[in-house]
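After this come two complexes, each holding chain A, first together with chain B and then together with chain C.
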Partner chain A sequence: MPLASDAASLKRALAIAIPIAVVLILIPYVVPPYHAYLLSSGLTYAIAGLGFNLLLGYTGLLSFGHAAYFGMGAYAVAFLVKYFKIASMEAFVVGGVAAAAIVAAVFGFVCVRYTRIFFSILALALSMVLWSLFLKFYWVTGGSDGLRVPTPTLLGGLIGNPEDKMDFLSGPYYYFVLVLFFLAVAVMWVIVNSPFGKALQAIRDNETRAEFVGVQVRKYRWIAFVVSGAFTGLAGALWVPANGLITPDFVYWTFSGKIVFFAVLGGFRTFAGPVIGAVVFNYLEYFAVASTDYWQLVLGTVLVFLVMAMPTGIVGTLGRLALKLRSAS
Partner chain B sequence: MSLLETHKLRKHFGFLHAVDDVDFIVEQGEVLALIGSNGAGKTTLVNVISGLLRADGGQILFHGTDLTHLSVYDRIRAGIARSFQIVNLFDHLTSYDNIALPIFSREGKTRRLTSLADKDGAVRQEALEVLNQYGLESKRNVLAGVLSQGERKLLDVAVAHALHPRLLFLDEPTSGVSTREKAPIMDIITSVVRSGGITAVIIEHDMDVVFKYSDRIVVMHQGTILAQGTPDEIRRNEQVSMTLLGAPALT
Partner chain C sequence: MDTLLIHVLNSLLYAAVLFLIAGGLSLIYGVMRIVNLAHGNLYALGAYVAAWAVGRVLGTGPGGLPYLLLLPVGALAAGVVGAVMEPTLLRPLYKRAEEYQLLVTFGLLLMMDDVIRFIWGPYPLSATPIYEYFGSMRILGTPYPAYNLVVIAVGFLAAMFLRAVVYKTKFGVFLRATSQDMRMASALGVNVKRVYVQAFTLGCMMAGLGGAIIVPAQTAVLGMGVDALVLSFVVVVVGGLGSLEGALIGAIIVGFVRTIAISTFPELELAILYMIAAAVLLVRPAGLFGRA
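So, the complex of A and B:
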């Protein structure tokens, strides 16, 4: 980040972030409950996008297996319900993040020994191993039927047992997700602007040189992998109580593709790109599914258009347009 | 005790003996030029000493400590740094970040996830001083990828220098830059190196640069050391002149 313009760039970022935050806070009062719920789903996806992009945008590693950590976070919540009779959302968050981080630590240990396509395929293969475990160990995981997750209690039981689930999801639960979304954005912003974050960007740009300035490349990649998995696990843990069910479909490779889609749609070369991409994707998918039976065709066409016409994604394209407008005026 | 000694250091690529039982010595505080024709083994020797390539045999002693089987990371911690023949920078980071990173690394701060890099006043001040020493302070907010070749060469050396090494290898610091730019670049590099008391080994093809800026010269040929001595001794060495220039020495 440029030194001379530190204060200016922070001001610019706040000038964009504060109005967005205000709009997000007011959303449940101005849109129908279902749309507030839809937005909260988009925000949980956005947390997954943030985690994913720590690897792709900042470390230069494209993971085709991030559904594993999303699914692990969600299954951990389901296990807490089924085997420990826990209904506290705070416990779900801790359990989901911890479980995803542990799986990411193990998978990451193997994956970060490789880069480029080898890394991507290994991440995919390991996620499919996890998928098959969730599918085949049905006496533990419910197999293809999955596991149900009832509506949780919030704030240590202060808020819970709602009469109408949609009111709960579009009200208290929406704000619970929103607070964790803000926290996730803030924490990730600090990480990518920390000395560690700079080291990751150095690894992305030039692995050999990074090694020759004393960065322990493999170790740092592994840490990034674990942090990325933990963020994605948080997203899974937040998403599953709203959905009410977790099945192996959310650990399958197609869901990993969805997370890649978030980053490509929003633009993985910017911090905000995957966040915007996740929210937009969620709406896009909702409207495509509601409009046609061939919704995959719609999403596929959008992806082809993006890659060809907007390779820097929504945020990258908007940034370029803003730059053009500024230089023209 | 010499700062660096290699004993019978060997690196073979199949039938090619790139470095063949080389005994190479670098004394504390000197600026040594490593010269030789293309394929003589200069860069391979530096690659093996710096850890980019694994030695097939022999020993590397740095201040008496055996580095032969240590990782690049451990060699850097011991005090060896290097620049590269083909500029090796972090192209999507600013010049400032390129310099700040090795400082963070040297101070063991790259493990920090929860503090903002730009808020570290000590690192910031030192990084700006290094940029200033290399005449790059006005480029501090410019991405390394868009600097001119001469600026990139300087930044490449500055990145290695920011590690505060005891021994700095500079692999062709003026390659790819115009003849007019060579002297200013070498002036800056040697002035920074000498004022910092850093021992430097410079691989260079330009004999004017070699004779002007080095205290001692080592000549390599076909993976072995052909000759070594002061610039005057090398200038008068018939064998070196015949091997490198194909002509007898000028006396």
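So, the complex of A and C:
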């Protein structure tokens, strides 16, 4: 691909990204604190969606086990609190990402030998090994009660912590999450547009041809798996101090299904799809849980409807609508 | 010696139920190449409907042998749901990537969990009168619930019955032909659409029967479907997706491993099962009895 079109696509992406970034920066001044907190947890989900989609959208591998890396990132933070009495958010991020990457490296090494349904089930089975360990080794992990994570200090206490937890979450912590979210988006953008990212797309579209032109298919898939796991671990590490508690439920495979949901809701054929899908899902879940006891029924219906009627997700459908409008005018 | 025998019987009890669930899952995959994530919920549905039917007819009164006939109602209910689900929700997706089938069945899993909770509420549902009617018998001097032997027998008979259906009947020929080469079977005049509906319904009925026969011994609780699904994944991965023999052997292996693990390292019970599944996938990706 010639460089000029890369520069053009970067320009186009920035034209969309910068206004959104400005809105995200200003939002805590406009909306009530609870909604800023809600948005920040949507943004942490979005980081998981980004990581997940490196596998599904770009490499063509559907993982039904990504809760393992989200949960590992979160549990790593809880272990740092429990065993090392650490409260620094930066240490949490480093520890969460590293722990998730290590687990992803081991699990991924096994999973990437297969593709399609076998890959999905193997990823699921391995994530359930981790889940059962978290559940059963209760003297380490707190069992089904999980582990508490207190409010962390940001930048070594350079930014003061407001007394009220909601003020903290909707203020300093929101911006901490936002900065890492921007960073994650930028890094992922570079990855998918790099030669490595192009090689992954070649593997997705035609494995045999990719191998013929010299792509080391299994190694590239493995690297993609580890990067994907690291991003998802970052999401878990950022999410857990805001939630204050991690339980094995977030390592269970139905949570993996939710991460898949983000990507399908937004549209996994696009870069922005899983990000938008994650934020929308977070609101959808919030309103469904708030308005009915049967929120799973609502989410399930939405998912079935999406697959049947809107397989390209929100971003894909909006893109098609925009094209239609342009050709009509 | 006698505790060993009890362990063996418990393993077989567990294997019988697992075979019914995983055998249905495997049959559906073998014929249609679909992994139905809502399959565990059909097992749960069978359990709830059977317990409901027993409660309706018997109340809390004493059970009796004829009331065993109430249990297949659970299997029927699961079969009806399957017969509706395949043509409406799955058929439009056969031409699309297989990810979409996983997603739709995952959506159905979420929905059915709540539908069951909506109809029967959050409390466990039981059918103990039937269990109590059979009482306990002495095996080598150790008391053992007699109903468990009924479950083992039903599991065994179901396996025999399916073997006969698949290998001895005309429907079985259609089933095997479609499984081996759907296009060729269709070209030779097999009504593939009908075979799909029948196979899917039969698979769902097996899961429903599994739930219906175990519910007098245990209770129907929320979340039982999802747990059962993950275990039957282990069974089909070990035995080979799409193979009924594999599902039987896989269920027996999982049944025994689980009993051994529970009595020796209870903390590692589930981890051991999943690690066996992962190990089998590594050595023989198609499972012990599967075709590559």
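Here are a few things to note about the model shown:
Note that in this section the second predicted complex is superposed on the first by the 317 of 329 C-alpha atoms of A that agree within 3 Å, B and C clash if a C-alpha of one lies under 4 Å from a C-alpha of the other, contacts with A are read in each partner's own complex, and residues count from 1 in each chain.
Methods note: contacts are C-beta pairs under 8 Å (C-beta built on N, C-alpha and C of every residue); 3 or more make two chains touch, one makes a residue touch a chain.
Everything quoted here is computed from the prediction, not taken from an experiment.
A simple residue count on chain A separates chain B from chain C, and the partner touching more is C. Of the two partner chains placed by the overlay, only chain B lies in contact with A:Phe196; chain C stays clear of it. In the superposition on chain A, A:Arg113 makes contact with chain C only, not with chain B. When the shared chain is aligned, no partner comes close enough to touch A:Arg12: not chain B, not chain C.
Within the superposed three-chain model, A:Val307 lies in touch with chain C and out of touch with chain B [touch as defined at top]. In the overlay built on the shared chain, the residue A:Asp205 is in contact with chain B alone; chain C does not reach it. By the document's definition of touching, of the two partners only chain B reaches A:Val213; chain C does not.
Judged by the touch definition given at the top, the superposed model places A:Lys324 against neither chain B nor chain C. On the chain A side of its complex with chain C, the touching residues are 56, 62, 64, 110, 113-114, 116-118, 120-122, 124-126, 128-129, 131-133, 135-137, 253-254, 257, 260, 264, 294-297, 299-304, 307-308, 311.
Per the touch definition, chain B reaches chain A in the complex via residues 50, 52, 72-73, 76-77, 81-82, 84, 88-94, 96-97, 100-102, 104-106, 109-118, 120, 124, 140-141, 159-160, 162-163. Every residue of chain C that touches chain A in the complex is listed here, in rising order: 35, 89, 92-93, 96, 98-100, 102-104, 106-115, 117-118, 226, 230, 233-234, 237, 241, 266-271, 274-275, 277-278, 281-282, 285.
Across the complex, chain B is touched by residues 1-6, 190-191, 193-199, 201-202, 204-206, 208-216, 220, 223, 227 of chain A.
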